[in-house]
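The structure is given below, and queries will be raised subsequently.
Naming follows writing order (A, B, C and D), and every chain is counted from residue 1.
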Amino acid sequence: MDDLIAPKMSEQELAEFLTREFPQVAGDFTIERLTPQGVDLRLRVAERHLRPGGTVSGPSMFALADLGVYLAVLSRIGPVALAVTTNAAIDFLRKPEAERDLLAEVRLLKLGRNLAVGDVLVRSDGMAAPVARANLTYSIPPRRDRG
Amino acid sequence: MDDLIAPKMSEQELAEFLTREFPQVAGDFTIERLTPQGVDLRLRVAERHLRPGGTVSGPSMFALADLGVYLAVLSRIGPVALAVTTNAAIDFLRKPEAERDLLAEVRLLKLGRNLAVGDVLVRSDGMAAPVARANLTYSIPPRRDRG
Amino acid sequence: MDDLIAPKMSEQELAEFLTREFPQVAGDFTIERLTPQGVDLRLRVAERHLRPGGTVSGPSMFALADLGVYLAVLSRIGPVALAVTTNAAIDFLRKPEAERDLLAEVRLLKLGRNLAVGDVLVRSDGMAAPVARANLTYSIPPRRDRG
Amino acid sequence: MDDLIAPKMSEQELAEFLTREFPQVAGDFTIERLTPQGVDLRLRVAERHLRPGGTVSGPSMFALADLGVYLAVLSRIGPVALAVTTNAAIDFLRKPEAERDLLAEVRLLKLGRNLAVGDVLVRSDGMAAPVARANLTYSIPPRRDRG
């Protein structure tokens, strides 16, 4: 993608940012790896993410996709805490496995001056078929606000 | 709407269903009222719904919209725990007020045999301008599974 | 809505803008009226909008919703030809009547400095039940570019 | 994907279906190839697809994505003319090149009994960066109606 740029943060720096800025939820997630197109992010599924019947709740999958695109954007523009989601959509495709973590594969499709767009495939760890597909748009603050 | 039908459940029955089927989250929400088009639902904003800077988190707003359409559908077809979200989209319009509950105004737009569609406006309690707009589609199980 | 402002263009001015800037499609549409929340727009359904079976095509409904939000935005900020759609979503709820025009009821939900968001209900003329629901986001050019 | 199946139609059969069922628009599109995940579809950009400034119109891109997922679904389930779009969303990422065709890369993510979901990347022919991203859901008629 012509406007995509190389990461400015390492996986370690991204993980530290997550712990520092989102202490309430950082323990739920593990940054698996930075990828050429974005990032792979794991939701460490625990009791609090489940719904009756043992499936992972919709809001938990939404949170995974939302954080995934956020981290993918930050890894490219640096640790700017101010980017905000303006639009998100998610299709729930199959029931996730309750006993397995969820893995999100995030792909940045646009990284413009004002807006960034990414899409996400979510799978139960070890399974080929996606359980959800999502797309999110982030509004990026003007450059003078960036760290 | 020609395929919309009168509620089959009272507000009290809907609240009892919520408490029974979703004990993990029922305390976060209050059913304000059944409306001719759907339902009004309140998120009782607490510390765990907030993000740094004091704003309500995106996943919390998603959860409110998702549950709102679910309850609107159930109020019309009866207490079927098996309806599942197939698609959801949300636009975040303004920063919610941290000190105020969120109110979701849910409107059913379609209640078909297989699919139900609703949209949602979310406002900070007492404010006119919406903080989010959402739409959700639910897949409804075949009639033989209904209560 | 606190950031919504009174129209800057009359219905007549908006219709002239449409004819001047979009001569290819202006004949398909009629501006019914400016409303406190946005605009009502009519698609004058003709043979070229139909699909086999006599229903109005999805792209025709998309075009109606897209133009509707565009005109609602312009009516409030003035005739800026440069606003561009960044995101659009549409739910197809029922089959439209082939013999009837489509009426779009457009509601502006946000009119910010950079982004405008609107939603749309589309009905077959004279029918109560909506045939489609849409939401669109427009990116608004910086103020120095505005007319 | 575990529920994806091998194509039941050849590229030639799919092209003939398109010509037969959608004579109004078939000339605008070329089926490039069936792929393991779906289909690649070309919009042969002509004057009628353009907007002022020489860019391809949003409704034209919507039509490309919509038809692309439709053909991907049909290629796997056989020539069922009755599948209908229930939900579609599109992000417009960059301005397409007016002088170039658009190529849609369609990927089926779910092919269930009732619903099929696909996503689409659209590029100007020969360019790496996508100009649009879309996702669509199709409702599939009950099996007794299938050819």
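Operating definition for what follows: contacts are C-beta pairs under 8 Å (C-beta built on N, C-alpha and C of every residue); 3 or more make two chains touch, one makes a residue touch a chain.
Bear in mind the structure is a predicted one, so any value in this text is a computation, not a measurement.
*Asks:* From chain B, count the fewest steps through touching chains until chain C is reached.
*Replies:* 1
*Asks:* When the contacting C-beta pairs are counted for B-D and for A-B, which pair yields the higher total?
*Replies:* A-B
*Asks:* In angstrom, rounded to a whole number, how far apart do the mean CA points of chain A and chain B lie?
*Replies:* Chain centroid spacing, chain A to chain B, equals 24 Å.
*Asks:* Using mean CA coordinates as chain centres, what's the chain B-chain D distance in Å?
*Replies:* 33
*Asks:* Would you mind listing the residues of chain C that make contact with two or more other chains?
*Replies:* As it turns out, chain C has residues touching two or more other chains at 86-87, 89, 91, 137.
*Asks:* Note which residues of chain A are touching chain B in the complex, please.
*Replies:* 21-22, 24, 48, 51-52, 57-60, 62-63, 66, 81, 84-92
*Asks:* Over in the complex, which chain B residues touch chain D? Could you list them?
*Replies:* 86-87, 89, 114-115, 137, 139
*Asks:* In the complex formed with chain B, which residues of chain C make contact?
*Replies:* Interface residues on the chain C side: 1-3, 89, 91, 93-94, 109-110, 117, 119, 121, 128-130, 133, 135, 137.
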